[in-house]
Each structure stands twice: as C-alpha cells, then as structure tokens.
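Shared between the two complexes below is chain A, which has chain B as its partner in the first and chain C in the second.
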Partner chain A sequence: MSRIGVFVCHCGTNIAGTVDVEAVADAARQMPNVAYAGTNKYMCSAQGQDYIVDIIKEHNLDRVVIASCSPRMHERLFRKVLAEKTDLNPYLLEVANIREQCSWVHKDKQIGTPKAINLVAMAVAKADCDTQLFTHEIPVTKRALIIGGGIAGIQAALDIADAGFPVTIVERKTTIGGKMPMLDKTFPTLDCSACISTPKMSECEAHPLIEIKTLSEVEKVEGYIGNFDVTIREKAKYIDYDKCTGCGMCETKCPQKKIPSEFNQGMSTRTAVYKPFPQAVPSKPTIDADHCRMLTEGKCGVCAKVCPTGAIDYQDVDRVTTERYGAIVLATGYELIDWTRLYGEYGGGRYADVISGLQFERLVNASGPTEGHILRPSDGTEPKTMVIVKCVGSRDPHKGVPYCSRACCMYGAKHAHQFMDKVPGGKCFVFYMDVRTPGKNYDEFYMNTLHEGARYIRGRISKITRRSDGKLVCLGEDTLSGNVVEVDADMVVLETAMVPPEGAKKLAQTVNTQLGPEGFFTEAHPKLRPVETNTGGLYLAGTAQGPKDIPDTVAQAGAAAAKVIGLLCKQSIESNPMVAHVDDSKCSGCGACVDICPYSAVTLVEKTLRENSRKVTRTVAQVNEGLCQGCGACTVACRPGASDLLGFNDEGIMREVEAYATR
Partner chain B sequence: MRYANFPGCSASTTGKAYTESFSYVARHAGIEIDEVPDWNCCGASAGRLQSDDLGDALPARSLANAEAAFGDEPVLALCAGCYSNLRRALVHARESEDRRRQIEALIGQPYEAKADVVCGIDPFLEPEVAQTVKARVTQPLNGLKVACYYGCALVRPRALTTFDDEEDPQSMEAVVKLTGAEPVEWGSKTECCGASHHVSNPTAMKPLVERILADAIDAGAEAIATACPLCNMNLDMREAEINKARAARGEAPLDIPVYFFAQLLASAMGASDAEAGITRNFVPGSSLLAEAKTREVVVELTPEQKKAARIAAAKKQAAARKAAQAAAAAAPAQGKEEAHE
Partner chain C sequence: MGFCNLSELEEAASGPLSEIAAASGVDVKECYQCGKCAAGCPVAASADVDCRGVIRLLQIGDVDRVLKLQMPWLCLSCGVCLARCPQNIDLPALNTAICRYEMKRGIAAEREGEAFMNIFLDNVEAKGVSDETMLAMRYNLQTGHLFQDVANSPRMLSRGLLSGDGYKPAGAPDVKRMVHDIRKGEGGAE
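What follows is the complex of A and B.
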C-alpha cells in the first residue's frame, strides 16, 4: 500500500476558472492509496512548495501527484523540491496536466472538472507503481566542436574560448566567415560587413584556444553528451601550412586563371591555387584539385617552383582524425535557393543581368569585381532602372518554399537604397508581396528608402523577357490598383529564399538529430529551448536553425555558447534515469530496437546469463544510457516486451488506462 | 514507335497543314500511326464549361476506344487543345480509382487509363526517332533562326501536361535543331496568343498576337514554329491584318512566316512545299526555306574543339618538321655514298 498525496493547483484562475479544484481534491480523497489531497493557489511558488514539503512530512507520504500545468513547465522544479527538501526519491512524482490539456481548452466547469478528476485518477494509478530511479555521474570532456564557420560559428567559438574552453571549428569551405564577409553593408546601420566580420575571423585564427579546420567535414559522431567521439575528415590542401607563410607568390604565377570565383559569385575569376579573398582565414592558400593542372594533367608545377618555402605538396592526402568533445554546436548556416532551376519565367539564369541579391552585394562592394561601381554583368554599363523582386522562392509553396526568409525585406530595402545612392537619377522599382520589417530601427530604414524614391509595387513579376536593345522587360501586376505594370529595366535583382545547406540531412543523421519539414535543424522547444536540440549536448546557432538576419544569428550564437559553457563548467553531469531498460531474460536478441532507435543507443551484445540455473551465452540488446533519450520507440517495437522505459513502464501506463476506463 | 492518333476536329480543317507535314515526317522517320476508332469531340471549349463530368467523359470515351483497339499504345494528339483535354481525363482517371470508375460509368465502357497521351513533339524526343530524322535531313535549313512558340495548353498546367517546363520549355527547340535550323532564345514562347478571343473579342486578342510577333523578330528570329493548329492559325492568319493596322499607324510591318514545326522537319527531309502543306500558309513560307537551304554552314567550334584543332595542327607541324629533319639527315648520307662511288 502506498501513501499518495494529491496536490491540486488553482494557478490563480488559470485552472480554477474552469475546473472546480476543491471538487477535484474531494474526488481524489476517494481514490485508492490516496492518503491526503489538498489545493493551493500557486503550487510552484515558494509558499506552495513549502506546503507540499510540510504535508509530505506530516502525513508520511511516499508518492506525490501534482495536478497543475504541463510537466514540461514545472516537473523539474517539483522534482528538485522532493530531492532537496524531503526524503522522497524525486522520481516518485507524477504531474497531471490539468491546465494546458484541460482548463485552457474547455470553457466551463461542467466539462473541465470531471476531466481533471479523470486525469488525476490516472496519475494516482500510475504513481502507485512508480519506482525509485537514480541518476549517475557522466564525466564531461571540456572541449567544444563547432560545425560551420559562418558568423554564427565564429561568435559561438569566440564566446566559448573566451570562457577558457578549447574549441575546434570545422568548416567545409577554404575559409571561415560564411556569407557575412561577402555582404557589402548591413542593415539597418549600414556598417561595412567585412569590417565587422573579418576582425572576428582573424581573432579566431589568433586565439590560442581555437583550432580551425577548413576543407573539413564531420564524418562520424559516436558517444553522448559530455563525450562525443567525432571523426573529422580534413581534405588535402596540397600546401603544408606549417611551412607556408601566406606570401601569395603561388597565386600570382598560377597559369589557371579562368576559374569562376565563388566569393564573387561567379562575376570574377580566380586561380587554381587561391585564397578566396584577401582576409580569408586561415590566411593561406589551398589548391583546388579539380582545376590544378598538376593534379589533373600531371603537368605544370609552377607553384612548387616559385614557392620560397617549399610548402607545396602535390602528394598531400586527406587527414582523418577522431577526437573527443563535450558539446557540439551546429552552425551550418543556409544557402540560397537555386532559382535558375525553378523560375523559367525569369529567364532561368540565361539573362546575365538578372542577378541574385548576393551577386548584387558583390557588385556594390568596393572589393568586388567592379570595385563597387554598379555595372551590368552583360555589358559593364551602369543600369539606370533597376527592378528588385522580393520573395523569389520564399512564400511560394508551388515552386519554392512555403516559409518567409526573414532577411530579404530588409536587405531588399538596403539594395534599393544602395542603388539610388550610387546611381544618381536611377529609378528603382521593388515588387513585393508584403513588407515585413519588425526589428529595432528596421521600419525606419524601410521608410527612409521609400522617401529616397524607391517605388514599391505590391505584386509579383510574372515574366521577364530580354529585348534586343538589352532591356529586361518586366511584366507584373500592381495588385493595389489592379493594373498590369510593365517596367523596362536595365538590371533585375532577385531576393531569393534561404534554404538549408547541401548535406544538412546527412549531417542530421550523423549527429543524431532532427530536421523540420523545411530541412532546418529543429530546436528542442520553439520558445523555451530555442538553442538546444532534443539530443543532449547538441546546440544550434544561426541560420542552421531557420532563416534569420545577422543580429538574430549572433544573439543565438551567444545563447548557444552560454549553454555550452554551462555544460563544460561542470565536472560531471547527471544522467537522465528515464531511459530504456532491457530485461535480458525476455530479450530474444532480434534487434528490432537497434533498427528503430533514432539515437543509435541500442546495440546487440553477447552476454552470459543464468537461465533455469544454467549458464548460457546469448545475444541480447543493451542500452547505452548516455545515448538513450527516453523516447520509448524501442519499447513499442520490442515483440517479447523485454524493453521497458524506466519511469514510463508498461505496467504504469496500463494502470493509467485502466483507471480511466473503469471510472 | 506506334501511336494511336486522335485527329480531333482541326486535323482536316485549320490544322490540315500540320496533319500533312506530320504524316510526311512520320512516314519517313519510322513512326507508325493508327487512327483511334470512332473518336469523338474532345470537348475542347464547351465540354468542361457544361460540367466536369462531360469534360472528362468526352475525351475518356475516345481514350477508351483507343485502349480497346490498341492496348497501352500511346495516344497522340497533334492539337494542343485536344492534348490538354485528353490529358485531363487521363490524369483524373489515374488520380483516383473512384473517379476512374465514375468515368467508366459515364461512358458506359471499360477504361483503365493505361495508355499515355502525348503531343506532337513527344515522338521526336525519343532518341531513335531523333536520330532517324537527323539522318533523313537531306536539305538542312542551315542556320535558319526560328522562334519556337508553345502557347499555353501544351505546357500548362504542369500537373496535367507533365510536358517540359511551363515557363521555359526547350523540347521544341531540340526538335527544330534536327533540321539544321537555329532556335533563338526569346521570352514570349509561352505567352497567351489570345486564341480563345479569336472570334468573340478580336480587339483584345490582336495586341497579344502583335506582341508575340514583335518579340520573335526582336529576338532575331526569321520564322516562328508552332505545335498547335489554333496558335498557328492565330499567328499566321492575323499577321496581315496586324500589319495593315501598323501601316496605318506608320509602323513597320512585322514580317515573319509561321510554320508548324513538322513543316520545317518535312521540308528539311525533302518534302515539296505541297507535301509539307507550306502552300497553305497565309504568310508565304516557301522562299525563306528555299533560301535557307542555300546558305553556307558556319560551324562554330567549342573552345575544347578549338584547342584540339590547335594541338592537331601543332602535331602535324611537328611531324612534318621531323620528316624534314629525317630527310635532311638521310640526304648527306646519300651524298657521301654517292661520293664514294
């Protein structure tokens, strides 16, 4: 016989407004094993907590049911109260959610009260078969891994390293920085993007606690929070960075000069041995194996001849290393949607003067291919009329993605401003669906662009054709006046959708976490745990989690760093005891659990067991408690019923169902 | 390849030239054609306006007849209107088993929706057919600049037609290229020609046609190719009228012949103008093709080809030099021998 105490919370009028809490307590007193039932205005308050503690002692209770808000809200708090202020094991607690799942969804007490009573009855039934659970200590490796070296990854790395923990940045391109150094100026303050991002890049390079691995990708992640064993492949750079001084001789002499520059978005060229831009970090070149004559045709070798330090090594190979990290931050950023595949009506990429927003950034940038003069890619003349099309691919479920990319309304306004600023007398037409400018000083920035003379037309461009005189004829509708509009433009800028980077899906599998339907990494809770994932020790920063601008990216990176620092500060962490447990005697070793576990927490092992007083060696499933997140998938898949979830065992759940069914 | 042909009402009327030229090409390119037995109106403009059931039942009856006679042999619809209507019935029948049964009940005969429905361009996208056509082109239209015009029904809506990109289709270009002609890039290839307003509201239609003609000329085209009797008629027949109006406004005429793409194929494959139906065109089309056939072919080399040619030339030169050296080396020896004698 257990002695259960039932505590029903009013939550002010949140619960008491639509649930007769006293009636619930009265009903609870009649339930089997209930030794006490009472109510309190705010159970989570200090005074409410004391009330629970006092009653437990006074009535010698051994199980607790709290009928209040969702366990996601305060279960941890109540467990802490039990652990710190009573002798009860904190897992002898059940929370009946009579707020989110009851009082908030019903309008009157007629329905709310009986439902709350049912929910309490179920919790009481389950509490009776709750058992004590114990956590154990997991050691923490005091190093962090950051995947993706955009501004998100850089900020997180600096914050963590400044707190005194070693950090490794794994970046798959030849330099860290991501998109930010490619941008010209940033809204709404119009400060130079490279001037505020490249110092951070070199700070990373110089930081004694930060190691940067470029041209690298994560291949395998094993282990769990506090102890991830990560295998990283660092691709061959063909240059020995220990010898290279970054003098750049090789770049000046490389005969392969016609390779489209990724950094300038294909609007200029680079060599085969190259640094994408002068402030790149690491500040040393790499050889692009696909274009190097020596590596493709076996002829040339010019760079090796001119290199004063003998750093060039055509025999260089990939390096694969495995190291242990305590925490991982995913900061893999975004890519822009390939509009050329999707929008034949905009010429599908065949018109040189229909460019993407990122290309425009390079065109207005002083270190870009035109040294900051806005010139048409087709003929190098200055466009007098420019059309900006927003939401290209965004908010277009038919062709692109259904969501809003969040930054383009603002950088669209920025592009309009920059064009009018640099081209005196220039006309700029912005075609939009909505103008979304929430943010500090954002709407003021947009209004300013309007006052400068940008013509905003509400409607989409339906077609762009090129006339023989080079004009781009843009057809669209002004949906406010209902008129068809036709603009003869010299250049068109498409503000295209942010989409997840290539390989995000594979990375999600490698690190064992989930992607949302749009392909960005999913946070553990959209409001309360925005930088955590459902996998312990794995955090999110920047656009890897969804489209956002730089201020939000940096804020999120700082938040992720704080979480990582919080974790790495600890000598050890407590494990979650609510994990799957396999009853060896029932396990048939079929491996169904191994296949279904989303966290690869189950493995098959050989075990010597005692069966019918004989020793037998059999294959059985074993759960790694560090990896198991307690999702329960295996308990459902297990045919002989050997796998059970501690804290949510089959018996408890059956008792709940019974309690409900027999009322 | 064998096709069950659905002629529709235009085959022997507005689209006669399409039928004639297509048959000529088919005969010479190994495309075999059966006629769908007892076919009926595809329901083009009126069917679906009446009711969705009639809209599906009319085309489905012909498709069921084709299926009964030829099994899963693809049904060919040269007219884009027919194509679109037949495809709608097919897609609806394939979309849900319920709808397919309803359609069977409506037409009172079995219809399994096995056979595909294809348009006039499709057969030539088959690699073997394309190859045969290319091999049979005896009078290439050397570098004739052609604007391929698709109109609306061939490519829209995508869910029905599944044929090429709805905004920037490229398949007619690929077929026209077989003749040695050069398709131009232009922006109006899927713009509306206003065909539906042809009779009811010509004032609304004319600017649309005028825009298409002007765009084609502006893009450097000498001719327009179509794959639909209605588009073809609309562009070809209205050109004179439009030019008259332009003359009155003091604007230059838009002079450009309009062909079915099959006419270009047929002509390049050696058909006479009568066989290719070109004599039926409103805007005279004979002389342009005749002239194109006499043009000199300029082959533009790709950079790789240019490089290969350079290397070949250099090799040849080196070989010649070597040969000369060898000859020179041999000569004094000979001289010595001679001296010995």
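What follows is the complex of A and C.
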C-alpha cells in the first residue's frame, strides 16, 4: 500500500478558471492509496514548494502526484524539490497535466472538472507502480562542433574557443563567412559588411583552438550529449594546403574563365581554380572539379605547371574522419527563395534587369562586378527609376512561404537609400504590404529613407512587363489612395524570402532533431529555450532556427555558445534514468528492438545467465543508457515483453488505462 | 478607383507640390498614413476624400485629383487633426494652401467655398473683425441661397452672435491693416 499525496494547482485562474480545483482534490481523496489531497494557488512558487514538502513529511507520503501544467514546464523543478528537500526518490512523482491538456482547451467548468479528475485518477494509478530510479554520471568531451561557417557559426566558434574549448567549424563551401561578406552595407548603421565580417573570419583562422574544415559535410552523428561521434567528409580540394602559399598564380593562368561566380550572384565570372573573394578563409584556392578541364577531360594541367610550390594535386581524394565532440551547434543559415521558378508575373527570370536583393548587394558593392556603380545588367546603363518589391515569396502561402522573412523591410529601405545616394536624381518606388521595423534605430532608418525621397506605395506589384524601349512597366495598386498605379522602371529589385538551405532535412535526420513545418530547426521552447533543441547537447544559432537579421543572429550565436560553454565546463553530466531496460530472462534475442531503435542504442550481446539453476549462454538485447532517449519504441516492438521503459513501465501504463476505463 | 502612371506624375506634379508645400510648411513625406486625423475630423465623413486621403494623393503626386477635391474646402480649420497628429502635420494649413492655390488660378473646386472665403476676408479686412450678419447676407445673396440658415437667426440674435456692430475689439484696426497687407502682398485673391 503506497501513500500518495495529490497536489492540485490553481495556476491563478489558468486552471481554476475552468476547473473546479477543490472538487478535483475532493475526488482525489476518494481514490485508492491517496493519503492526502490539497490545492495551492501557485504550486511552483516558493510557498507552493514548501507546502508540498511540509505535507510529505506531515503525512508520511511515499508518492506524489502534482496536477498542474505540462510536465515539460515544471516536472524538473518538482523533482528537484523532492531530491533536495525530502527523503523521497525524485522519480516517485507524477505530473497530471490539467492545464495545457485540460483547462486551456475547455471553456466550461462542467467539462473541465471531470476531465481533470480523470487525469488525476490516471496519474494516481500510475504513481502506485512508480519505482525508485537513479541517475549516473556521463563524462563530457570538452570539444564543440559547429556546423555552418557563416556569421552565426563564426561568432559561436570564437566565443566557445575564447572560453578555452577546442572548436571545429564544418563548412560545405570553399570559405567560411557565409552570406555576410556578400552584403555591401549593414542596416541601420550602414557600416561596411565585409569590413566587419572578414576580420572575424581571419580571427577564426588564426585562433589556436579553432579548426576550420571547408568543403566538408557531416555524414554521420552517433552518440549523445557530451559524447557525439561525428563523421565528417572533407571533399578533395586538389590543392595541398600545406604547400600552397595562396600566391594566386594558378587563378591568373587558369584558362577556364567563364564560370558564373557564385559570390557575385552570377553577375561576373570566375576560373576553375579559384578563391571566391580576396578575403576568403582559408585564403587558398580550390579546384572546382565540375569545371576543371584536367579533372573532367584529363587535358590542361596549366595550374600544376605554373604553381611555384607544386601544391596542385589532381589525385587528391575525399578525407573521412570521425571525431568525438561534447556539443554541436547547428548554424546552417538560409538560402533565398528561387523566385524565378515561382513568379512568372515578374518575368520569371526572363528580364535581366529584374534582380534579387542579394544581386543588388553585389551591384552596389565596391568589390562587386560593377565596382560599386549601379548599372543595369542588360545594357550597363545607370537606372534612373528603380522599383523595389518587398515580400517576394514571403507572406505568400500559395506560391512562396507563409512567414515573414524579418530582414527584408530593413534591407529594402537600405537598398532605396543606397540607390538614391548613388544615383543623383534617381527615383525609387518601394512596393510594400507592411513596413516592419522592430529593432534599435530601425524605424528611424526607415523614416530617414522616406525623407530622402523614397516613394512607398502600399501594395504588391501585380505584374512586370518589358516594353520595347527596355522599360520595365510595374503594375500595382496604391491601396491607400485606391489608385491602380504603374511605374516605368529601369530596374526592379525583388526582396526575396529566406528559406531553409538545401540539405537541412537530411542534416536534421543525421543529427536526430526536428524541423518545423517551414523547414527550419525547431527550438526546445520558443521563449524559454530558444537556442536549445529537444536533443541534448545540440544547439541552434542564427537563421538555421528561422529568418533573422545580423544583430539577432550574432546575439543568438553568443547565446548558443554560452549554453555550450556551460555544458563543456562540467566534468560530467547526469544521465536520464528513464531509459529502456531489458529483462534478460524474458528476452528471446530476436533483435526486433535493435531494428526499431532510432538512436542505435540497442545491441545484441552474448550473456551467461542463470536459468533454472543452470548456467546458459544466450544472445540477449542490451541497452546503452547513454544513447537511449527513452522513446519506448523497443517496448512496443518487443514480443515477449522483455523490454520495459523505466519510469513508464508497462504495468503503470496499463493501470492508467484501467483507471480511466473504470471511472 | 483611378489609374495613374507614377513615373509620369512625378514630372508633372513637382511644381504644384513644391508650391503647396512652401505655402503650408507641410512636408507630405512626414505622413505615415495612420488615419488618426481622419478619424477625428468633423467633416471627413461628408467629404469625397478624407484628410488622410488628401495627403496620400499628394504623396503619390496625383495633383490633378487633389485640385478637384471637396475636402480642402470643407475643412473648418478646427485643428483637431493637428492636435492629435503623431507627426505634427499641419493639415489645416495644407488644406488652406490647396484652396488658395486653386483660387489664384481660378480653378477652385468649390465655387461656394471660394465665395465664402473671399467674403469672409473682405469682411475682416473692412472691419477688423468678422461681422456675422454681413457675412451671412453677402454669402446668401452671392450664392443665391437666399434663405439659407435664416431660421437660425432668432437664436443667434438672442445669444448676441449677430451683433457685429456692437462688438469692437481693441485690436481691430491692427487686424484690418494686417489682412490688407497680406492680401496685397499675395497679389489679391479675388
């Protein structure tokens, strides 16, 4: 006979508004094994906690049921209270969720109250089957892995390395830096984007604790918080970086010069052996195997002939390494939506002078294809009238994405400012649905752009057509005056939506974490755990988690670094004891659990067991408690019922169902 | 509603826009179209376009339409809009500037409004104070609305609102001179 205490929380009016908490406590007193039931306005408050502790001692309770919010919210807190202030094992606790799953979804006390009583009855039944569980210590590998070398990854790497822990950055492009060095100026201060990002890139390269792996991808992640075994494929660069001095001779002489430059968004060309931009890190070239004549046709070899140090190696192969890390930061960034595929009404890419915002960044940048002169891609003339279209792809659930990309309002205003600044007498029309400027000095920047003469027209461009004189006729509505309006533009800039990068889904599977419906990585809690994931030891930085601008990205990267440092500072961490457990005597060694386990936590082993007072050696399943995440898949797959989940044992679950069914 | 080519408007509108801006001291770029003015305006509901709409048409350069609007003429210059405007835009001054722009060119959108404005100013120029009796009589005669508001006269009389002759404020001569000088300076708005 257990002695169970039931504590029903009002949560102010959150629960008490739709659940008669006193009636729930009254009903609980009639339930089997319940020795005490009471209520409190806020069970999670200091007084609420003291109340629980006092009652446990006073009534000599040996099990606790707390009817309150979701266990995700406060289960850990209540366990801590039991562990630190009472003699009870913290796992002899059940939380009945009568808030998120009851009071918040009902409006009527007549419905909410009986449901809350049912939920409490189930928790009481399960509590009776709870057993003491004990954690053990897991060692922590004091190294961090950053996936993605954009500004988020760079910032997180620097912060972690500065705290004294070794960091590896894995970047799939040929240089770290991401998109930030491609931008011309950053809002709202208008400081040069490359001038503030490239020093951070060099700082990474020079940092004794930071290792940079470019042209690399994570292939496999095994293990768990504190101990991830990560397999990284570093693709062949065909250049020996130990010999290469970065002199650039190969780039100068490479005869393949007509490859569209990714860095300049296809508005200039590069060679097959190349460095994407002068400040690239590592500051050494790579051979693009898809375009190199030597690698595709076996003819050429000019770079090898001119290289003064003999660094060119056409026989280079991919290198695959496996290393152990304590924590992983996902900083995989974003891509811009491919508007050409979606918006036929904007020409679908057929008009050379309809460009993306990122192309405009390159056009206006002094190191860009036009050396900073705003010139039309079609004929190289200076546009006098420019139209900016915001929300291209964003807030368009039908063709694009349903969400707001957050940064476009601001860089749209910046583009308008830059155009009017660089083209004297230039006229700029900005077509918008809303202007969203939530940031320090952001609205001031926007108002300034208005004062400089940018014409903001509230409406989306409906169609762009190209007239025979080369003008782009943009048709839209000014919804504020009710006029249908037309602008004869020389150039159109589309501020396109941020979308998750290609491969995010595959990476999510590799690292065992979730993506939201829009394809960005999901944080553990949108407000209270914004840089953590639901997988222990895995953190998020920057636009991998959702669209954001540079200040927010850098802030989040710092936050992720703080979480990583907090973890790596520990000698060891406590394991989760709610893991699968195999009863050897029942296990038939069929291996169904091995196949179904998503975490590769179960293996088959030979064990010598005592059966009917005889020693036998059999194959049985064994759970690695570090890898097991307690999902329970194996317990369902196990035919003889040998696998059980500690904290959620079969008996407890059956008793819960029974308690509900017999009410 | 209408259709306009903004690129063409840009060119055509710059002259009138800068004249109206200079006369009123209002920079229409300041307005972010929140509509707080229109929501408090006592005449917006009976106008063709409300005061926010007037600014919007100026912002996009649709001067042709602005010069055909009733709203500037209906504006009472009560100042509620200005008192509440987050950007401190002087809409009464803007409306007056639009009216006077039209009057100067003889293209007033509201002939009766124009008549009223002229009679009112003549009145103040002559006496240094508005003589309501004279104003009502001249306005009714000139516009042909002979009996407009006549039914109000007994009540106005009983409250002393029609005793213009009896009311002579101390500064009247100065006001007379000021109005005279200003109208002369403007080249006379008849």
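The definition used in the following text is that the second predicted complex is superposed on the first by the 514 of 663 C-alpha atoms of A that agree within 3 Å, B and C clash if a C-alpha of one lies under 4 Å from a C-alpha of the other, contacts with A are read in each partner's own complex, and residues count from 1 in each chain.
To be clear about the criterion, a residue touches a chain if its C-beta (ideal position, glycine included) is under 8 Å from a C-beta of that chain, and two chains touch if they have at least 3 such contacts.
Given the structure is predicted, the values throughout are model-derived calculations rather than measurements.
Asker: With the two structures laid over each other on chain A, which partner does A:415 touch: chain B (first), chain C (second), both, or neither?
Answerer: Once the two structures are laid over each other on A, A:415 reaches no partner at all.
Asker: After superposition on the shared chain, which partner residues are touched by A:115: those of chain B (first), chain C (second), both, or neither?
Answerer: It touches nothing on chain B or chain C.
Asker: Name the contact category of A:350: first (chain B only), second (chain C only), both, or neither.
Answerer: First partner only.
Asker: With the two complexes superposed on chain A, say which partner A:390 touches: chain B (first), chain C (second), both, or neither.
Answerer: Neither: A:390 stays clear of chain B and chain C.
Asker: So, does A:465 touch the first partner chain B, the second partner chain C, both, or neither?
Answerer: First partner only, chain B.
Asker: Using the touch criterion from the header, give the chain among chain B and chain C with more contacted residues in chain A.
Answerer: The partner making contact with more of chain A's residues is C.
Asker: Which of the two partners, first being chain B and second being chain C, lies in contact with A:457: first, second, both, or neither?
Answerer: In the superposed model, A:457 contacts chain C only, not chain B.
Asker: When the two structures are overlaid on chain A, which partner does A:275 contact: first (chain B), second (chain C), both, or neither?
Answerer: In the superposition, A:275 touches no partner, neither chain B nor chain C.
Asker: Kindly list the residues of chain A that each of chain B and chain C touches, one partner per complex.
Answerer: None.
Asker: Under the stated contact criterion, what part of chain A meets chain B in this complex?
Answerer: Interface residues on chain A, with respect to chain B: 343-345, 347-348, 350, 463-468, 473.
Asker: Residue numbers of chain A touching chain C in their complex, please.
Answerer: Counting only chain A, the residues touching chain C are 385, 427, 429, 447, 450-451, 453, 455, 457-458, 478, 480-489.
Asker: Which of the residues in chain B come into contact with chain A in the complex?
Answerer: Going by the criterion above, the answer is residues 165-169, 185-188, 191, 215, 218-220.
Asker: Write out the stretch or stretches of chain C touching chain A in their complex.
Answerer: Residues in contact with chain A: 1-8, 10, 27, 29, 32-33, 52-53, 56-57, 59-60, 62.
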